[in-house]
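In what comes next, chain A is part of two complexes: it sits with chain B in the first one and with chain C in the second one.
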Partner chain A sequence: MGRTRPEATVVLDRVTRGYGSVIGLNDVSLSMYPGVTGLLGPNGAGKSTMMKLLTGLMRPGQGQVKVMGESPFRNAALMRRLGFCPEWDAFYRDMSGFEFVSFLTRLNGIERKQAEEMATRALVKVDLRQKMDEPISTYSKGMRQRTKLAQAIVHDPDVLLLDEPLNGTDPVGRKIIVDLIRQMGEEGKTVLVSSHVLHEVEVMTRNIVLIHRGKVLAEGEIQNIRDMIDKQPHHIVIECTQPRRFATCFAPFGDVTQISFTPNGFVVATTDPDACYERIPRLALDNDVKLRALTCSDNDLSAVFRYLIG
Partner chain B sequence: MTVRDLRYAPYEGVSRSHWHSVWAIARNEMGITWSYFRTKLLLIAALVIDVIFIVLVFIEAGVINLMSEGPNAVTELTTAPVTAYVWLKLYGLILLFAATGCGTISHDIQAELMQFYFAKPLKRLQFILGKALGLVLVGATVTIVPGILIFGLRLAMLARTDLLGEALAQCGSVLAFELVMLVTFSFVILAVSSLTRRSGYAVLSWLAVIFIPDLTALIVGQVVDAEWPHLLSVTANLTGVFDVMITRTHDISVWAPPAAVMGIAAAAFGIVWWRIGVFERL
Partner chain C sequence: MNEKEQKVTEANAQGAGMAPGLTAFLGVQFAQCLKRRKVIVLGILLLLPVILSVAALVHGTRIPWSELTRAVGVIYTPFLLPLVALFYGGPIIVEEIEQKTYAYLLVRPVPRYQLFFGKLLAASATTLLLTLVSLLVFIGVQSPMIQGTSLAGPSIARMATALGLGTLAYVSLFAALASVFGRSLLAGILYFIIFEWGISRLPVLELLSIRFHLYRILEFAPERSMTEMLMPASIEVEPWISTLVLCIASVVLIAVGALISEFRQYRT
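Let's turn to the complex of A and B:
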């Protein structure tokens, strides 16, 4: 018996949304299905606009947005089935991670005790059990990202919208988040992950949507895009202790084409990002360097977009 | 990637209480306010005033008892101490809200927290009521709670006298006034706080909303030599409501101060409703 095509859980039908004279999304039509979908585009491409439209935080100027067959705008019932992890670091910083997640869980109309149990479960899932009672102000960037993810998954939503969830995470935090996203996709949830870094999305899914200047440029299998992007050098921003000493460790590798310094670390340009990402934690461990953040600039993806749009 | 065949139906899940969300926001607001050192400092300062009034209650009861048998026996309670109490509470609350309440929404705007609120199944009214309830509960710690203690003590002291009925009426008037003041101020604070992402600007706006009409009323009152300019002042209208409650009379009309206070509260609520609507739909 052949597998039937599942019903689209997220549908955008000729959606246009502007901010005054600036167009955020331009006549976008798109269907997403259960599983993980990567939403790729450089900064300012319209990814966050799409996320806000899907969470009902914004109404489309034209066209229709449907999540599980319903419009998300001012649809409180639908919000109970939807989890959202925003891009921005938005917290009550004096609260502990546990208090923050419990509080947001209670906004679902759930009573305190049950909300606290759910918050604990979600924080354990993102591996924050040890630190969940400490103030968020003491958390690293990666821990804050995991706290945001915990509040998004706490009520076991059917649709999960994650806006740049790996931004600034350390390698350990990155692995935890990636594993969790993949697991949710395998469980049949619809997970939309936005990113400006192809490599990040690639480890979670083969299914991507490319968006640029508010328009969908391409959608489908990642391999085609991957072939294009491999021709471009990939930039990895590393924040760590002793950046100058650590940067010299990358010089002997043939795939490293350039190293430049920033106020908090350095940027490595590589033609083999997979090998480079594997190498970073190992080199840090060997050289007793503490990694604070790993981020990827969108220079490489922008180059692909320039290629795509001619 | 495993893709499963799911057929989604319109949501018909468990209906959950709207009040859980309202209470969660109110409790969160109280927790944030309580975490400030300045809140504790102001509550201690307010406590000093309350202790003074508790002493005054004992003195009043002692004097009434002493004079109960003589020709100068007290036959009615003066309203002056109660009015003084109300004025102190009014300005105490203005100060407390200036120090701790003005960031209630502006901080959420600045910290980009509004997107968290409205990506949840939360309605605008629930958000506003939760924030207002948080402010009312914080304000109640310097108004209604000590009011119940002080005026409860006064009722107990005067329980066996002919003045009990009058004391009861004064007690009821004070508590009702404090509730009206708390609700009105809470909505005005929410309004000024929702208009800016800078808490400092919200504090300035709050003080301006209170004191500029006060000054205007004072100046216009002096120029035209009439009572109606008092209707321009927020504080004068609130104390006017108290005067109506306690004496059933007013220099202009018994309806004027309550109508003005209701107008102020409604306007403030309208502003918050509009502003939160902007964030709800960005």
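Let's turn to the complex of A and C:
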């Protein structure tokens, strides 16, 4: 018997939101489930607009936004179950990381002592224990990002919205944040991570939403997206001996739409990658060509994104 | 689940509100108000009457109590108090939106109207503190000279009451204007110039002016200009009525500001 998918925790139903004549989101319908979802798109794609709608900072012009089954706009009670790490680098003047996180924790209706304990735990999780009593103004960009993350996770929310959390982080900080995000996803939290850097998201999740100019271009498992885009020409990079002679062997096949040469071989563009992959070793054997490397340039998110936004 | 985690879960199960965090919120807001650079500018302005008072003391000039208290009607009520209130009341929300810290508050389980009240309270406390300290020092400096002079005029308690009510009314007004227009300082300055110093000098319309009611509470009669001499005299209103009017006006303005904040969308 197949596993039933859990209920969607975040739902956007035909959501449109504009800023005057500029459209932030355009008729977006989307469902997110427990686990980590990557929200990918270039700057200005509508990622932050989506975050603002999900946190209730704004309401949609049209359509419905639901988080844990409720509309987030003016829904103070829902905020107990939601954590938000904004993209902007803003803090209260002269506060230390500890003061900042414990102050915001107290706004959750938690007593001082307990709030301080929770803040300490959250700051330890993001590896800021050593520096937590120092003013935020002395922190590096990466440390400030981790402080923002600490205030977002301090109350153990069910839904975590992280807007460009890896921006400006150093490799160590990046690993801490990535591990924490993965862990929260594994714990069954719904984590939405936005980014315009594709490989950042790739290390956190295989479940992505691609957004561009306010529209969702694709969503789901990366493999599903790959299946969808297989209708588009698929590029296979072949490194071999005698590349020019071997490349001519591909020309008669109808699925091959383009052949271009690289310094070490050539690239075949095909509309039927499965057939093409099967054909390559056979043709190499028949033509006495030694294959050095066979790679697909589409196996990373960058390629997916390139395909979909054109 | 341990006991502490259980408590968090219980707290999370409660409705919205920030009662336990109220002191922290007010404390942070108050501290933020005092840490802003404008404190220095406003402090210098508030120091001017004190400097005048010290100069008179050094010169050995004896200022009668009635004249001293008259300064409250001439300097504090119509000028210093609204100015300080304008710089603290107007930007209570706008400033935090511009600094992009407001989103942290909006994603906490605190109704927006409570955030508005809390910030308004902190702005009012700061305005009152700065103005009252200046006034008390202004009068205090002259205290060695006051002895033996007539104590005709409002008492310190009445002046403090007037300043308190004036603070609440002005801060609420500027906060409400900022909620409506978005531009906190511009709306406040326009109101101040066009209404408080222009339209409200006309008969009957003066009843809509905060300054008019503060004068009534202080039982202060400003000198009238030649133009004003041609117009009917000011309407006589009992101090308690003016007190009531300012209280009601403040409540209405706070409600308007809170309501607008409640439904406002924050693009940040």
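Here, the second predicted complex is superposed on the first by the 220 of 310 C-alpha atoms of A that agree within 3 Å, B and C clash if a C-alpha of one lies under 4 Å from a C-alpha of the other, contacts with A are read in each partner's own complex, and residues count from 1 in each chain.
Definition applied: contacts are C-beta pairs under 8 Å (C-beta built on N, C-alpha and C of every residue); 3 or more make two chains touch, one makes a residue touch a chain.
These numbers were taken from a predicted model, which means no experiment stands behind them.
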| item | value |
| --- | --- |
| Room on chain A for both chain B and chain C (clash or fit) | clash |
| Partner chain(s) touched by A:D156 [first = chain B, second = chain C, both, neither] | second |
| Partner chain(s) touched by A:D94 [first = chain B, second = chain C, both, neither] | both |
| First (chain B), second (chain C), both or neither touched by A:T169 | neither |
| Partner chain in contact with A:E117 - chain B first, chain C second, else both or neither | second |
| Touched partner set for A:T270, first chain B, second chain C, both or neither | neither |
| Chain B versus chain C as contact partner of A:S194, first or second or both or neither | neither |
| Touched partner set for A:M58, first chain B, second chain C, both or neither | both |
| Most chain A residues touched (candidates chain B, chain C) | B |
| First, second, both or neither for A:T205, with chain B first and chain C second | first |
| Contacts of A:R81 with chain B and chain C, given as first, second, both or neither | both |
| Chain B/chain C common contact set on chain A | 52, 55-59, 73-74, 76-82, 84, 86, 88, 90-92, 94, 103-104, 106-112, 115, 151 |
| Interfacial residue positions of chain A with respect to chain C in the complex | 19, 52, 55-59, 73-74, 76-84, 86, 88, 90-94, 103-104, 106-112, 114-115, 117-118, 151, 155-156 |
| Sites on chain C touched by chain A in the complex | 4, 7-8, 11-12, 14-21, 24-25, 28, 32, 35, 99-101, 103-112, 262-263, 265-268 |
| In the complex with chain B, residue positions of chain A that touch it | 3-4, 6-7, 9, 33-36, 52, 55-59, 68-70, 73-74, 76-82, 84, 86, 88-92, 94, 103-104, 106-112, 115, 151, 158, 185-186, 188, 205-207 |
| Footprint of chain A on chain B - complex, ascending | 1-8, 10-11, 13, 16-18, 20-21, 24-25, 28, 32, 35, 111-113, 115-123, 280-282 |
